[in-house]
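Next come two complexes built around subunit A: one with subunit B, the other with subunit C.
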Partner chain A sequence: MRVELAELFAVIMFFISFYGLIVTRNIIKSVIFIIIMEAAAIMFFLSIGYRSGILAPIGPNLAEVESWAYIADPFPQALMITAIVIGLSVTTILLIMTITITREYKTTDWDTIKIRSLEK
Partner chain B sequence: MLTNFVIIPILVAVFLYLFPLNKSARFLALLAQLGLTAAAFWLFLETRQGEIFLSIGSYHSVLGIYLRADLLSAMFIFLTAIFFLVATIYSFHEDFGRLFWFLMFIWQAALIGIFLAADLFNIFVLMEVSAVIVAVLIMYNRLKRSMYDGIIYFAVNIILMQFYLFGLGYIYRLTGTVDMYLMSERIHAYHYNYLMLPYAAIMTFIALKCALVPLFAWLPKAHGSAAAPPAVSAILSGLHIKSTIYLFIRFQDLFELVASTQFFLILGIITGVFGFVMAIAQTDIKLILAYHTISQVGLIFTALSIADATYLGGFTYSFVGGLYHIFNHALFKGGLFLSAGVLAAAYGTRNVYKIRGVFRAYPVIGAATAMAIFGIIGAPFFNGSISKYFMVSDADTLLNGVLIFMSLGTIVSFVKYSNILFGKPELPEDAPRKLPILQQTMVLLMGVLCFLSGIFGVQTIQFLFDITVYIDLWGYIEKTLIFFASLAVGVLIYKYYVKESAFLKRIKNVEMGFRTMVFSIGAFFTTILLVVGVFYQP
Partner chain C sequence: MLYVVLGLWIFSALMILFEKKNVRVTLYLGIFGLLASIAFFLLGSPDVAMAEAAISTFTTIFFIVCLEKYYKFEGDFIEVEDTQAEKKPKSTFVIRYILPLLFTIFAAGLFIYFIPDNVVNPYLKELYLTRFMDEVGGYNPVTAIYLRYRVYDTLFEALMLVLAVVAVIHMSKFGEATIKDGLRSELETSNMSVFTIRLITPILLVFGIFLILNGHISAGGGFQGGLVIATFFIARYMIFNIYDLKVSRIAKIEEAVFIAIALLASVVVFLEFADFTHRPGYREIYLIIMNALIGAKVACGFMLLFYRFVAIERGARDES
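Then we have the complex of A and B:
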């Protein structure tokens, strides 16, 4: 099985952001890492259709192509546009939650919030 | 036809959002829900003749989006419709505002969509939708504490959705399709090594959504949230978590080449034991029930994984017991959460030691709670005893002992819970004399269903899963004797250990922070990758 550079990059990015989620104590940074993770998963999915030297599945020069094998698979793009839209709304909700929780607890630190949430 | 099951709840939701305070609007919603339940029942009967499937937009090719209903998914849809009917009637007179009703019906559409979806990408989308809805609903009353619960629930779930998407991408790369059925045909062409990574990613997602150890920490926060209306907690524990168990059953079939039943057997046992230990330690009634859900999910996982059984690969009695326990757990846990909601509102506290004398103060709720407790501890003639009877039938001696031990833990935690039933009621001044009649009826209905699905256990299994099973009378009597013995032991343990155990007091407030949760996700992912990669390498 061939591994494209883009795929490898996406996998590395995915796990770097996962590591980031473990080490960061700031909610905003956590949200950013979640966004990066999402982007990595989407990029991984998108790069499935791509091989080097292949044509995009849209545009005028498709008619001249000899075989379908030279055209990129358009299916991942169709799926990922949905995933991106969902990702956008999810990010919005996460940020709204961050705003409310920061107002309530007066901090953006996960550990402090945990301690304060246990107080009555 | 199948699309209506998703579209109609969404239309009802929009309708309720537009006409919120109008009572006739709510009445119409109730009618629509009744109609949906009838339709779900029809679908359930129809799938006994064979699978029903529908291609959205009539693309009859690999690229089409299919909805499929077989017996298993039709059973779950039927259960969903009944549950939401009960929740609708239960909250009929409550004043939760338009958002509540809107979210409830969208949630129902999302759940039914998950059960109907034949392609993994639809499942991804609907899972995200339901995660958003649940996050909003568990912080519905905007308490300070529940904000934290909500953001933890949502963030952890979203991280795991990325794992799922990642695994899905990997399988798409191999098989070139997202359709579950086509995928299961093509997946056999690939070597074991290629399937390890997607299996690990997707199973991490499943394990988190089902709250297996060590990924359980979000569940008590979400299910035991003080800010969630009782109907929401009941659906979360009774139904929502079952949607992922349904996916587990499907994915174990899909990945049968790499699927490791033994791993989930062990994990189920650990989860079961851990869940009841934590449940015993709690004093908040909603938290006892929430931790106990973890234990029961562990029990279901154990039963589904005994004897290498899968849904398509032939049933065993244990597997049927597991399936039936999914149904039973929905009934009794739903009933218990609904009654806990009523009691918490009436007594003004959720402390298990402060609520006293439910039998005297509210006899109907007391009776329903008692029936649900009998169901959950597996008392003879109640539904829990039937599913537990089948669960152990394929277990060897060691496993049998483990299952009895788990059952004992359930008994101890519910001996503690049943404290609320007895004694002299000490109600606050403003406690209602009579509870709303609709709420009482619904709680009682759940209790009675626990009893009915117990005496007609064999018939119910025949009806729900189209499988004929037999109960050996002497075997059942033996199990009954074991039950009474463990009940006696359970009461003794409660009296002499649980009441003044320092250990239980210490673990009561053990909490996992967000970063620890993320770390345990990573640890789980690595573990499952190692297990399928190293120990099970053929």
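Then we have the complex of A and C:
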């Protein structure tokens, strides 16, 4: 068990948003915690193999670098860019669903929505 | 430096957790995105940092448009206060807040204890970094990976964007007929911000095109450039109040661009089209065209999503 400090921050953030998703009663905050969860997962993937003084893997003189340890890994970065763009499209779908629900029940509170849907 | 930024990042998430008013939560989300972007940059990935900065701007704008409509529509009902919690007995509080907290701490502890040591294969990184200049060209291995080695992922990401647009158009259920021309956007604006954004908007467009065209030799690329160009069109709507683009036409352009991306990728990458991609002078052309197509795709997709949101806002105002 050897955890980088940056990875630990990402894991803590993931579980903060996990707790928020369980506890919150507000739809807007639920959507926001899903966004935070995505950001924490992205941070976890990017911080694997981090060491202080790491450099971005960009430039014409990459081939002359002696040790690859101080160059960031480009592979998770390429995957995370697509993950970020997909995350925004997921967010917009969630917001549209939020708008539909709040138009129907006139509230953003999960409990009130449950009560009003039972009344109907 | 990185750990200071990460600490502030956690702090902003805690602020979101303890805040009850929706508008403040949205503003904290903007701060959260900014801090995440700075942290990504310090972790050595400027491409992801740029994408995250643009994305957090977008998310905040979407939330503000969503909330603005409800303040107009229903007054202040959107503020969720804890009035009901006071009347309930104390055991409800324990079940509601303390038990999830214990469960979360337990799950986090398990996750941290069982985290594996070497998750990433170091040889793969070395392989990509040593060979991408000869095989793909350009100076940016991130672009090389998502345009050449892992082009499947990019294709399916583009497909996901198309699906999201279709889903949003289907669920928003407002035709273009409900949108009346000549309605001003009623977002609160001051002369200062209008003037600043008027100065910035042309620069945004130029910057987006710059990012797309230089994606293969420096930080940037199709996704980031496309997002910046979409921001240009959003600023154009917000400040100059121009709503002249037809949603159906943008949707057709987006589909055509998606087909072009799929065709070009399959011809060049999967069929190994002659030795076109191995010739030093010509292989950059593939990267530039592909970046431009992805940029056009992303810009069209997010413009469509934003225009659907605006259409809902306008349609609700027409109803009320």
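Quick note on the criterion: the second predicted complex is superposed on the first by the 111 of 120 C-alpha atoms of A that agree within 3 Å, B and C clash if a C-alpha of one lies under 4 Å from a C-alpha of the other, contacts with A are read in each partner's own complex, and residues count from 1 in each chain.
Operating definition for what follows: a residue touches a chain if its C-beta (ideal position, glycine included) is under 8 Å from a C-beta of that chain, and two chains touch if they have at least 3 such contacts.
Just so it is clear, the model here is predicted, and its values are computed rather than measured.
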Partner chain(s) touched by A:71 [first = subunit B, second = subunit C, both, neither]: second
First (subunit B), second (subunit C), both or neither touched by A:109: second
Touching partner for A:98 - first (subunit B), second (subunit C), both, neither: both
A:79 touches, of subunit B and subunit C: first, second, both or neither? both
Of subunit B and subunit C, the chain that contacts the larger number of subunit A residues: C
Contacts of A:48 with subunit B and subunit C, given as first, second, both or neither: both
Subunit B versus subunit C as contact partner of A:62, first or second or both or neither: second
Touched partner set for A:22, first subunit B, second subunit C, both or neither: both
Set intersection of subunit A contacts, subunit C complex versus subunit B complex: 1, 18, 22-23, 25, 42, 48, 73, 75-76, 79, 82, 86, 89-90, 93, 97-98, 100, 111
Complex contacts: residues of subunit A adjacent to subunit B: 1, 14, 18, 21-25, 27, 30-31, 34, 37-38, 40-42, 44-45, 48, 73, 75-76, 79, 82-83, 86, 89-90, 93-94, 97-98, 100-101, 104-105, 110-111, 113-114, 117-118
Sites on subunit B touched by subunit A in the complex: 63, 121, 124-125, 128, 132, 135, 144-145, 147-148, 150-151, 154-155, 158-159, 162, 165-166, 168-170, 172-173, 176, 178, 194, 509, 511, 513-515, 518-519, 522
Of subunit A, residues touching subunit C in the complex: 1-3, 5-9, 11-13, 15-20, 22-23, 25-26, 28-29, 32-33, 35-36, 39, 42-43, 46-50, 52, 54-60, 62-63, 68, 71-82, 84-93, 95-100, 102-103, 106-109, 111
Residue ranges of subunit C in contact with subunit A within the complex: 2-3, 6-7, 9-10, 13-14, 16-17, 20, 22, 25-26, 29, 32-33, 36, 39-40, 43-48, 51-52, 55, 58-59, 62-63, 66-67, 69-70, 74, 77-78, 80, 84, 96-97, 100-101, 103-105, 107-108, 111-115, 117, 119-120, 122, 124-126, 128-130, 133, 139-146, 150, 153-154, 157, 160-161, 163-165, 167-168, 171-172, 217-219, 221, 223-224, 227, 298, 301-302, 305, 308-309, 312, 316
